[in-house]
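One chain, subunit A, appears in both complexes that follow, with subunit B as partner in the first and subunit C in the second.
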Partner chain A sequence: MDIKIGIPRGLLYYYYFPLWNKFFETLGAEVVVSQPTNKKIIENGVKNTVDEACLPVKVYHGHVMDLKDRVDFLFVPKLMSIYKNEYICPKFCGLPEMVSSSVKDLPPLIDTVINFRKSRKKLFKAVYEIGSHVTKNVSEIEHAYSEGITNYHNYRALMKQGILPIDMNKDHFQKRKVISVNQQKVVLLGHPYNLYDPLLSMNIVEKLRAKDVMVITPEMMDTATINRYANQMDKKMFWSFGRKIMGTAFYAMEDPTISGMIYLSSFGCGLDSVIADIAERRVRRSSKKPFTVLTLDEHTGEAGIDTRIEAFVDMIRWREKNENNFSSHG
Partner chain B sequence: MKITFPHMGSTHIGIKCLFDELGVETVIPPKISKKTLEIGTKYAPELICLPLKITLGNYIESIERGADTIVVTGSCGPCRYGYYSEVQKEILKDLGHDVEMVVLEAPHGNIPEFLKRVHKISNTKNPLKIAKSLKNAAKVLKRLNEIEAQMLQLRPHEMNKGDFDQVYKQLIKNLENSCGAKEMLINIEGAFKHIIGIPLKRKEDALKVGIVGEIYTVIEDAANVDIGKKLNDMGVEVYKSHSASEWLTENIFYRSIGLTSEQKIEEASDPYMKTLIGGHAKETIGHTVLYSERGFDGVIQVLPFTCMPEIVSMSILPRVQQDHNIPVLSLIIDELTGEAGYLTRVEAYIDLLRNRRESKKDEKMLSRH
Partner chain C sequence: MKKCYLGIDVGSVSTNIAVMDHEKNILDTLYIRTQGKPVQAIKNGLQEMKNRVGNNVEIMGVGTTGSGRQLAGIMVGADAVKNEITAHGVAALNYVPDVRTIIEIGGQDSKIILLRDGIIYDFAMNTVCAAGTGSFLDRQAERLGIPIEEFGTMALQSKAPVRIAGRCAVFAESDMIHKQQLGHNQEDIINGLCEAMARNYLNNLGKGKEITAPVIFQGGVAANIGIRKAFERLLGCEICVPQYANVMGAVGACLLAKEEVARKGKTDFLGFEIAQSEYQVKSFECEHCPNLCEVVQFHRDSSLVARWGDKCGRWNNLKDYRDEKLA
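Moving on to the complex of A and B:
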């Protein structure tokens, strides 16, 4: 019987899933993904995590609860750092420990440390450690990893073309709307786990698209552009995803085709409290573009968010229409 | 150039000593007050952690008193502390304060930049003079921290309430008015003599409680509702897991040559947390384990609201609590913290510790017969 490996549909699932899914499948394991985030998952997560944790971490715990009784292993890597001299977030560094302390009766965790802060030399060692739960054959693991990486690069390439994870499930290519002439471009900032989880983000991408707004996220941006703009800070931004968000925000300030920015943040997120504030201050100081922060937590009501999205879109449309038409007679 | 710096417990004495020795003028920020916190809360991002808000208040109050350069230490993640200086720079810029911020952090290979920063604030390029001043300041801070640690352990036993407070208050006042390490050390040694002379009445059954958690809230009494004193007043001996001088020797001395003085603490926390995750999360776990092994009655964790590393340790602590049979209380602190509410919780916790001790005693008595 195949070994069943559970991957919780939370946190960096929306970023790295194609890599690990392909990797484990090529090795001959069965990959089980938790259900799309739903009320019950959120409820379970909230119940089993300390109150102070941020919503995405709570939801991740909910996904772990959803999987734990139907898999042989749970894939909860300890992601410390993915780029040189950068980190992700302290909660990611301690995620396996948090999960194993908060959730009872867990299957064994694959909690390999992934830390490229100093160099990537140990990459294969980490990959081998992860793969060794399925097979001990080194060349098989190597092969599976290169398959996984190819799959991941294809996925990232699609994202850069503007095809988001939510588009990939359905027949996106037919459904994609033709870009109309006066379509507004709005940059949606935030962590991938907030932006691409349809329930957590309350479908904000679809809602904006339905209002004929083109949505741009940090994952669609060109890496070189992000790096160039993010380097405007005096001190290097040491959070990888923070740097992406920051670079995208600074780019959006300058690109004349972009009409505004929405920052989707989760309550209690340490990174967002820093990045959103710096981005907001810089946007207000040196550009005239609208910038709004929507904060999500487990109590956020959808109607409130809808109203704010509507107001934001109305505002950028009115700006477009009326900005230059002020009567000189008052 | 008038240099200012943030408050953290009595660290300002050590920093003042350092710049006195170097011959640089300093502006000590006014003692942290409600106003400091109000200023900080008004201008800082809403959901950022408390230390940023208080230190921002410190800076603004110092700028009002003429400071034009801010000196702080930094770090390179993953905790938010590493980006404090950038956020605060943006805020001060928006407020129209034209000050320079000099951040001292691990050079990460860029040693010329580090030296440039050091020379900018040190009024000299003589490395010997800088090293000597630093050494003297570290000594002052170390002795001062020793007095504070002693006080937290002896204060519950004092015969006449207020003796220790009086000596300490006078000491800080004297230190703020003295200049340079020599004068400060004379004052501190004098205070040590005073403390030895304070009449004590040993309470045999005094509880022992350790304070762990985020370093700023552990050290700065204005941020932790002065928990050390409150516990002392309830007759509890208090042991703090962090002190500024330990942090200094660990970071400036041991880490720079690739060592650590905290081997034991790290090992104690290994079963619960495999790696360092930023901030002092691993130390929080390690200290809790060690305190229980030393026979402490309880451990209180203090952390600022939304503190990322401490949230991780907070979710692991229940397991430590179970394995090592030591009750842990987590106190989360933000600008809205009401003192009365905290006092009630701490009192209830101390009652629980007393009852545990009593029942242990009873068990022993019963089993003997």
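Moving on to the complex of A and C:
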């Protein structure tokens, strides 16, 4: 019987799932993904996580709970750094420990350390360690990894075309729907796990699109562009996602076709408290573009978010047309 | 019969109704407490408005705003359903065309709206925290046994400053109790509270924003002269409180309705008679997926007019009453 490997649908699932899914499947394992985030998953996560954690980490715990009884292994890698001299959020560095001490009756975790802060030399060692739970055959693991990487690059290429995870077939990340051409462009900043989880983000992407707004996220940006713009900072941003967000924000300040920026932050996020503030200050200092921060928490009431989105879109329309002909509904 | 527009602002604390004629003059306004029953508040408000002006006016259009705007919109058949920020901005521009800053403090919300050249340029709303909003003042007034109407004038009688921590409503309250125990005058404490609220507002919402005159202060709390003076001291400029400050949202809704009706040429207003209709709200938990959405069914005289509350659209799309849903 195939080994069942569980991948929780949270945190960097929205980045790396296509890689590891293909990797494990090529090795002959069965990959099980938790259900899309729902009320029960959030509830379980909130109940079973340490208080100080941010909302996405709590939701991740909920996904772990959803999977734990139906898999042989849980894939909870310890992602510390994916780029040289940069870090992922500190909470990722302790994720396997946090999960294993908060959630009882867990299957064995695949909690390989991924740390490329100094160099990527140990990449294959980490890949082998992950793959060794399925097979010990080195060449098979190498092959599976190259398959996974190809799949990941395809996925990232789709995202760069503006096809977001919610536009893709849920489990396989294939392009699902065609996106209409929208009028205003708004940059949506934030961590991928906030932006792409439709329940957590209160479906902000679809809400903006329904108002005929084209949404641009950091993942849709060209890497070289992001890096060029992020280098404008006085000091290197040592968080990888922070760099991407800042690069995108700087780009949005300059691109005349972009009407405004919305920063989607989750309550309790330490990184956002710094990045959102720097972004806001820089935008206010050197551009006249509208910028707003929306904070997500465990609230189920969407009225607050809806009012802000509606007012924001009204504002950018009004600013652009400079006359009173905005729509009366929505 | 005068041709008029109706604006309804259903907020967390008050439900406001304004009637505006074609020349943008306000004929009548109404400010009633929502008391957690928006449907009843809207019905009472409409009935009262009908008694006051119903025989002399013909309603050409109706607009709704506030956190209960979708509900109110469905009830009355609104032509325009708009968020509070746009409504407040439109209303303020009507009275002070060169307004550059709007301070709006309501029951649960506080907002800052910056305008440049007659358009909304930037805005911010308070986050989940309700410190520094009307309901907090209400509670403190009640605790001190002072009618909220006298709160502001009492603050003006203060002779010595008392500093209250305004960052958090809970801490502000314990700080106030502490100052009372120390024997400070009530006027001084009330004045300290007004200053704390204004300071908290400027720190939270005004953070990083360029607040320039002319400044308009509106929303229910604008009636409080103590807070207005505190803002004037902190900002160093005069603050204008328009005549209809407490119902500006409703005035904005009138203006938006007028615009919309001019565009589409007719109104969907169901008439003041709906105040006599029976409204029923029935809710159930949808068990179709683990989200367990609480679906609300809204009935008028026992016929279903709208459903909302589901995330997937399974229920609210079933009956196409209007192509909008409530969040």
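We take it that the second predicted complex is superposed on the first by the 308 of 330 C-alpha atoms of A that agree within 3 Å, B and C clash if a C-alpha of one lies under 4 Å from a C-alpha of the other, contacts with A are read in each partner's own complex, and residues count from 1 in each chain.
As a convention for this text, a residue touches a chain if its C-beta (ideal position, glycine included) is under 8 Å from a C-beta of that chain, and two chains touch if they have at least 3 such contacts.
None of these values were measured; they are calculated from a predicted model.
J.: Using the overlay on subunit A, decide if subunit B and subunit C clash or can fit next to each other.
T.: After superposition on subunit A, which the two structures share, subunit B sits beside subunit C with no clash.
J.: Please indicate which partner A:Thr223 is in contact with in the superposed arrangement: first for subunit B, second for subunit C, both, or neither.
T.: neither
J.: For A:Ala53, decide between first (touching subunit B), second (touching subunit C), both and neither.
T.: After superposition on chain A, A:Ala53 lies in contact with subunit B alone.
J.: Once chain A of both complexes is superposed, is A:Cys93 in touch with subunit B (first), subunit C (second), both, or neither?
T.: The first partner, subunit B, only.
J.: First (subunit B), second (subunit C), both or neither: which does A:Lys40 touch?
T.: After superposition on chain A, A:Lys40 lies in contact with subunit C alone.
J.: Is A:Asn154 in contact with subunit B, with subunit C, with both, or with neither (first, second, both, neither)?
T.: Once the two structures are laid over each other on A, A:Asn154 reaches no partner at all.
J.: With the two structures laid over each other on chain A, which partner does A:Met315 touch: subunit B (first), subunit C (second), both, or neither?
T.: Only subunit C; A:Met315 stays clear of subunit B.
J.: Looking at A:Ser146, would you say it contacts subunit B, subunit C, both, or neither? Reply first, second, both or neither.
T.: neither
J.: Report for A:Arg281: first if it touches subunit B alone, second if subunit C alone, otherwise both or neither.
T.: Both partners.
J.: With the two complexes overlaid on chain A, what is the closest approach of subunit B to subunit C, counting only CA atoms, in Å?
T.: 6
J.: So which positions on subunit A get touched by both subunit B and subunit C?
T.: 281, 295
J.: Taking the touch rule as given, give the residues of subunit A at its contact with subunit B in the complex, in rising order.
T.: 49-50, 52-53, 78, 80, 85-91, 93-94, 96-98, 101-102, 111, 113, 115, 233-239, 267-274, 276-278, 281-282, 285, 295
J.: Using the touch definition from the top, list the residues of subunit B that touch subunit A in their complex.
T.: Against subunit A, subunit B makes touches at 45-49, 74, 76-80, 82-83, 85-87, 89-91, 94, 103, 108, 272-279, 281, 305-309, 311-316, 318-319, 332.
J.: Would you pull the subunit C residues touching subunit A in the complex into a rising list?
T.: 63, 67, 79-86, 90, 117, 119-125, 127-128, 208-209, 256-257, 259-260, 263, 289-292, 311, 323-324, 327
J.: Enumerate the contact residues on subunit A facing subunit C in the complex.
T.: Residues 35, 38-41, 199, 203, 280-281, 284, 290-292, 295, 297, 299, 301-308, 310-312, 314-315, 318-319, 322, 324, 326, 328-330 of subunit A touch subunit C in their complex.
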